[in-house]
Structures are given as C-alpha cells and as structure tokens.
C-alpha cells in the first residue's frame, strides 16, 4: 500500500487529533511528557460505549478480539490527548449512533430523551383529569346520597385501632 | 352453589358521552401505533439480505481517499464484499478474493471488486489490507450505513451485482476463487445477453 | 418410540384445547352442563397430554436421541446430566413446549381449585386460557416442532433432512449403518471425490466422507483430525454406533465454503452420521447448551420467569371471563388473587435469579444491564405490581374497575409482547433466541389478544357496567395515593418500553439509524420515577381509605421520619465515596428508601401495640393474631421491607461501585479500597467433566493486611462450541456485609503463569439486593396464607353475611 494512503488514513481516523495537537501547542508543558494511560481510564470510556458489532454489550465487558482492538484504540486516542467526548464522537462517526448509550445526533437525542417524558406527561394529564371528574362526581354524589359515617364506634377509644379493624375486616 | 350477591352500586350520574372518552382514544391510538411500528419493524427484520433486484446505491470514500458512488460502476459487474479485520473467516477468503480480482484484471474484464470494511477500525483495516496485499477498491463503512442498506448479518458476506446494477447473487459466509469466478462469469455472460437483446 | 408418543401427545393436546374452547363456550351459552363439564375435562386432559409430551422430550434428551433435531441442537454427549435436563428449555422449540405445559398447568390448577367457587366465571376463563394454550401448542406443532427428526436420504446426495414425519425415500437417521473405526484409523486421500474440497463427517456404508481440506490455503480445524498429510487423513476419535449424530457439514466459522459443494439451504447436512464418541468429529454439530446458560441460576431462572409470565394468564382469563359473562363484581379478582401472587412471586424470583446469573456469569460486575431482554421481563412485572396494588382499591372501595381490567390485560399483553420481541429475533441481545418463523404469528397473536380485550373492556364500559361504587373524596386518601402509585408504575413502563423497544425501532424505521439506549438513558429517566415510588411506598400505608386528615397523617409520619433520620447517621459512611466526600443525593436516596422501610415496620408495630392495648394480649400473641387477621396486608409490608433492602443495595452498588484493572505478575499485588490482592499463580488448561477447559487464576485477598480469602476467578473455554459464545468468564467474589470484592480474569488479555490481567470491582451493599429478594419472597409466601383457617363452606357464609352487612352500610 502506498505511503500516501497511510497518511490519509491517519488523518481520517485521527481527525480530531490535529485539533488536539493545536491545543497542545499552546500548552507547552504537556506536550513534552507522553501521557500514561491506565486500563481504568480506558475502561471508564469503554463502559459508556457499546461494542459496535454485538448488540447491547458494553465495550468494556466485551471479550472478542475486535473489542480488544477498539479498547486499544481508545488507549491510543487517550495517549494522543483526546478527551472522552472527542473519542465518543469519533466512534459515533465511524460506527453510528448505536455505539453510545444515548444518541449524539441532536434530533435523535431529543427524540430519545424527551419522548418518554411527553408520554408520561400525557399520562399525568389523564390521571389529573380523572381526579377532577371524580371530584365532580363526588360533589354530585354527596348531594344525592350523603355518605353514611364510616367510623364504627368500638369500645376502645383508639382511632387507629378502629381504622385497623375496619381494614382487617374488608 | 349459591352466588354471592354483587355489592350494589351507588348510582353516580352518567357523564355525558358522545362515544369513547379521550383516554380511550389515547389508548386505542397508542395500541395501533405500536402495532404499526412493530409490524413494519418485523416485516423489515424478516427481509434479510437482497438476492435480486436493484442493489442499494451508496457513496463511499476508499482508503486511498477516492470517492465513488456505486452507480459509477454501471456497465460493470461488481463484487461487493463485506469484511472486517477482526473477522477470522475474512482472513481465509481474502487471498481468494485477491486471486479472483487478479484473474479478471488479467482478462481486462468489466469487473470491479469492492471491499467494505464493516465496523472495523482504521489501523486494523489497513493491517489487514497490507497483510493480504489487497489491491482492489476498499472503503470503510462509516456509520455502518452500507451494511445496514444490505442488511448483512455478519461478515464475510458477498454480493454480486450485474452490469445493470441489480443484485444477482448473495453469498453467505466465505467465498473461494472458483466459486467467485463461476458466479462472476455467469453475471458477465448474462449481461452480454441483455445487451444484445 | 418416545418421540412418536411425544409427537402425538402434543398434537392431541392441541385438539383437546380446541375442543375445550368449543365445548365450554357453546355449553355455557346453551346452559348444557354436560357439555361444559366435558370442556372442563378436556382442559385438564390438555395438561396431561402436554405434560406427557414434555416428559417424552425430556426422555429423548436424557437418552441422547440425537436423531431428534432439538436434542441434537441443545445437547452434546459430553454434557453432564444436570445441564442436559435444563436444556429442555435451552432453545426455542423446547422452551415453547415448556411454556405451553406451564401455561396449561396453571389452567388446570385454576380449573381444579376455582371451579366450584367461581362456577359462573370458570367456563369462560377456562376457554380463554385454552385459547392461549392453543396458540402456543399450535406454534409447537406446526412451526417449531421439538420432535422434528433427522432423516437420511441415501440416494446420491447423502443428505440429512429435518422433518416431523418421514419424507419419501428417506430412512430414520438412527437406522443408517455405521462402520466403526478406531481412533487413529487412516484413509487414503483418493477416496475423496475430486470435487469435494472439504467434507466433514464419518463413514456411511461404502461412501467415505472425511474431514479435511485438500487446499493448502484453507485452514483445517485442527481438532477434526490429528494428522493430515497429503496422502492420508487420520481420524482423531473413534466412531461408534451407539448414538448417532447427524453432522453439520460446515459451519460458517470454519473457513471452508460448503456452498462450493452443497446448495446453501442444504448447508446443514452432509455426510451422514458420526457417533458420540468422536467428539472432535462433531465439532460444530451437536453443540450442546450455550455455555452461558450452563449455570445453576440458569436452571431455575428461566422456569421461574416462565412461571411468572404464564401465571399472569389466570388474572387475564378471569378478567376476560368477567367481561364475557357480565359478572363484573370483584369475583374475578377474588378468584385470581392467589394466582396473581404466585405469578408475581415467580416473576420476581425469576428477575432476581436472572440478576444473580448475570452477576456471576456475564462478567460485567453488575446484575442489571438494561438489556432489552431483561427489560422485556421487567415490563410485565411493573404492570403486574401496579395491578396487585390497584385491585385492593376495587376490593375495598369498588373503584377503578375499568382500570383494573386494563392492568390485568396489560400485564398479559406485556408478557406476550416480551415473548414476541425476544423470540422473533426483533431485538437482538445476549439473551434472545435467533431469528425464527414465529415472528409474524406471535405478533398477530399479541395484537389480537390486546385488541379483543381492549374492545371488550370499552364495550362493557360504554354500557355503564364498570361504574365505580365510590368516588374519590380526598387527594390524600389511600386510594388516591394508589392511583398515583399506579401512574408511576405505568410511567416506568412507558420509559423502559420506549428505551428498549420504542426509540430503537422508531429511529430505525423512520430515520434509518440504528441506535441503542443504555444506562445513559435509563438512569436519568428511571431514577426520579423510582424515587417517587419509594416516597409513595412510605406515605400510602399511613393514609386511610376514603380520606386522610393531614393531622392524622402528620402524627403518624413523625415516628418513621424520626427513625429514618436516626438511621441515616449510620448511612453516612455508606454514602461516602472513595475520596471521602459525602454524596448528598445518594444519602438522601438512602433516606427515602429507608423511610419506606421504617413505615412498613412501624405500621406493623402499631398494629401489634393497638392489639396489646385493646385485647391485653402478649406481644407474640398480638403479633401472630394480627398476621393471621390480614396476612395479605402484613405480607405486603414484608414485601415493602424487601423492596427497601433491595433499594439500599441498588443505591450502594450503583453509585459507589469502584473498579480497577491491572496486569499482575505472579507475586505482585494491587490495592483497591482497603483490599489488597495478590496473584499467586495459574492453573492452566484444567478440563472439567463437561469438556470445558478452564484457566484458573489463584489469588489471595487481604483486607487491612489480614488474609481474608483465596479466590479463583477463571476463564472457561468450550472447544466444541461456535466462536463468539465459546468462552465465559466466571468471577470470584468475596462477600461481606458491606460489600463484595468481585474479581474477573480479563478475557481478552493473554493469561500465563507469569502474568494475568484482573478486573476488580468493589460492589458495596450488593448482597442486600439478594437478601431483599429473599425477604420479598418470604413476604409473598406469607400473604398466601389463608386469612382464617375455616372450611370453605363456613367462609362463604361469613362472606355472605359480610356482603349483606356491607350492603347495609352503603344503603
């Protein structure tokens, strides 16, 4: 393969890298020392990513060779100083939104996160409207058939016991 | 056996209703939409890989940074192979594909080989291409859109697309050069027949 | 023989169920008692036949009848008996039959126990249950028959075909003659037909079909043959005829294309038969049970889950029977109450065991991964739990009749939906079954069940037959709080359903993008809802039916709140992270959960004290009388306590989990929290009785300098299983009250006697999750106890009197 290819690939894959390099240029003292990346740092990021080829397995818990490769890649990215967000973006660009726990695409993100709350909100409205209807009924019901007092007097003057006895009987 | 009398109800005034209540409607619409969505999903899921008909087109940028569209290859038979560097069987079939590709190059035939790296990372893809000395077109499947379009269930999987851009064959699992050559030859001769008509 | 018996039993159970439906419905309509009774007996017979069919399949499995395709696909000769037994539900066809027999068992139980007392509901209820059974048995009989067998076609192509009945020109697989070769037998290459580059197999009659490859480019699975030279193949194992296994010629993982030799659809079969002793020859054929399923938890977890799932058929059928018969009183609830609890108990148990299995076997350090299949089992639990609470309102106050119907239907609909989603291959996951032809039938069934039931409910409702007897009087009444509780359960259902199924499928269909929602989605959405649930769990028991005065509520809440505040002090260290910072939110979380628990305890205590005061009883007497008077209520409080304990465990293990991964040389140590771990050495290549090869790391654990345990985390490799599922990581754990030290031998790094990579988790309070589960189970069992130990007849009289009395009150 042509060397040109390799360069292009390097640019393609490490697209965010240039950006980081630019940042590091400003920040002189960090460029000198190579960043040591621990397994824990890699796992922390991998834990929030899904294995792109196996459904629903977090990348840190996935035992295939491919996953090991991807984790290694995370390590490389970290060594180059990429942030977690940049690594996530890079993975999403290459493997699609399925590799993250919540889609990065703003529309998909909103769709995923907001919809349940809208549905729950609709549910809440239904509950509230039912409460209101019930209260209306109650008003009418009271007017037509006043409820009999429900407290049954017992010889012991403990309201809790009364309540309890009533409950236990039911 | 005597039945226990149901408890008498307190008569509540009947709310005025013109058909179903709003919540009933919400419920029915909810069930219907869940049914429709899952029906479509199920139907799609049962589809599997295309074995005939127009091949889904896509744009891709090769590892050599050239950009093509599948439609650019109209008039040629396309061997579309999905692979990945982490896939063991792919390593077995890579020399076969390369051999078949060299064979057609030597014949100057209207054949294009296109490898698509499915969910594979760059360095590992490149290692793979170098290791097997692959010279035909190869591109990463960014965002796995191409593999989604072809509904692949894993790698390796191979599609043969004829000169008119129709899928004529789908090969599950690994290929061998004899198999490939017989399939491609069939597509080539069939296409010739089409043109003469 | 067994297979034939099973096959016919299964078929006739289908007929019996059909007959039962017909006889019950027609008989009930025409008031023909004899007909109804015959329908009832047919329903019982259905269970008998299904039990017989499952028994036969079990015998086939035990006796290793590999000519039965199902047996061939889930077991292998090297599997120990225990896992052999569990493989009855190890794969689709068998688990469907198992599912049917459990369902039919529930029906039979309901028929036997409830027939006399609920005579009016039973014919319809039984008919509904049989209708569901018919569907599942139908699938077993016509689409996924576990008794399908391999048949050998001798003419030319030497293929094996799978069919229920013998196709023309084939022979039973077990009747094919096999020549016996000892290990080490060798065959000249020229016996291999020229066009066959590869074939895997044994020797059938005169046709030699051998494993190997003539093409040097194609790697040969080394296990197949010991020794391959250019002129000779040597058999690694021995072919014996005692048990015959049809061979899969090739599987896609081996880099040889069967398509070169055989048409794709015949990929399955080539070459006749081999025998059990030739383990290496059956590589890729009799696969045996998925290694991940070879765990003790897996033996109990699926049956429990299935029991929970199918158990909800009883409340569903009773609800439907109430709607169909017009007996819309609380009879259907009374009739199904125990059954609902059994279903709920087993479903809860199934979920907890599933969590335990994931914790032990899947090796991600946790018990719940928000995986769609886990969620599919959790969804019916949510609706079912809402149902258990909500029916109390109907029983006490005659309210929410429509809603309870919806919950009974909804629970079962969720069960069918979950079954459909996981079994059709719609949702791919570690737990799910592969793509299969049952997708559309299951979908159609789910849709019709849901639509018919909803339509029936709406129809009865519009006729005004589901009207409530009381109205809500007070927003702080117990019934109002129960409604809120129901709302939150439903909200959880919506959020989890959306995350597992809704969003991924909607975005795939309409936006052409595959997405996965993981814990980044679930935790933020679900946490506030669970917090609200725990708060309600704390307040609701203190409230009263009808109306709660704030004064009274205020008075009764003070004590549990005080207790909560006191205990929260103890929880400060448990709410402190590894940097010594107090996590205020988690601490408050503990508080809310604790409050719910204290209320459960306090309410019980109050009842006991009230009894002591009122009746002058001793403490134990008061306690037991109270329990006896209302086992459901106090069993319920015990369940609440269990849920509290689980809640504490969940907060601790989720928020304060610590993990680290390090590669250690022998003798080296790593430190996490107050633990120190030393790598002592490796036991490499240990072979267990079921053929797995284990690499076992030996480590010593120290806590604060003292040795506390020797742990043996290991990696299992299954040589006879497809790549991708041929290995599993078994954790080692040291459990203490306050945390689990959980260690994994990381599977992707090379492991040697020099060094190994370990992933270590500290899971604080994780054991409370299991203990809470045990409390929950005890609580549920407790609430089964009959209220009074009176004979049925007397109880009925009492109930009648009570009913009359109630009438008097409400009139």
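Should a chain be cited, it is by its letter among A, B and C, assigned in written order, with residues numbered from 1 in that chain.
The working rule: a residue touches a chain if its C-beta (ideal position, glycine included) is under 8 Å from a C-beta of that chain, and two chains touch if they have at least 3 such contacts.
All of these numbers come straight from a predicted model, not from anything done at the bench.
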{"item": "Which of A-C and B-C has more C-beta pairs touching across its chains", "value": "A-C"}
{"item": "Chain located farthest away, centre of subunit A as origin (C-alpha)", "value": "B"}
{"item": "Gap in Å, rounded to a whole number, between the CA centres of subunit B and subunit A", "value": "29"}
{"item": "Centre-of-Cα separation between subunit C and subunit A, whole angstrom", "value": "25"}
{"item": "Chain centre separation (subunit B, subunit C; CA means) in Å", "value": "32"}
{"item": "Touching two or more other chains - residue numbers and ranges from subunit A", "value": "64-65, 96, 98, 130, 137, 141"}
{"item": "Subunit C, residues touching no fewer than two other chains", "value": "471, 502, 506, 514, 810"}
{"item": "Residues of subunit B touching at least two other chains", "value": "10, 12, 144-145"}
{"item": "Residues of subunit C that touch subunit A when the two form their complex", "value": "362-365, 369, 371-372, 395-396, 427-430, 471-473, 475, 480, 483-484, 487, 490-491, 494-495, 498-499, 502-503, 506-507, 511, 513-521, 524-525, 544-546, 552, 556, 606-607, 610-611, 613-614, 629-630, 633, 659-663, 724, 727, 729, 747-749, 757, 759, 802, 809-810"}
{"item": "Sites on subunit B touched by subunit A in the complex", "value": "10-13, 15, 22-23, 26, 63-65, 84-87, 118-124, 126, 129-130, 140, 142-145"}
{"item": "Residue numbers on subunit B that touch subunit C, as the complex places them", "value": "1-10, 12, 14, 17, 20, 24, 27-28, 31, 35, 37-42, 44-46, 88-89, 91-93, 95-96, 144-145, 148, 154, 171-176, 178-179"}
{"item": "List of subunit A residues in touch with subunit C within their complex", "value": "38-40, 43, 48, 50, 54-58, 60-61, 63-65, 67-68, 71, 96-103, 105, 107-108, 111-113, 115-117, 119-120, 123-124, 127, 130-131, 134-135, 137-138, 141, 148, 150, 156, 158-161, 163-164, 166-170"}
{"item": "For the subunit A and subunit B complex, residues of the former touching the latter", "value": "1-2, 4-6, 8-10, 12-13, 52-53, 64-66, 69-70, 73, 92-96, 98, 122, 126, 129-130, 133, 137, 140-141, 144-145"}
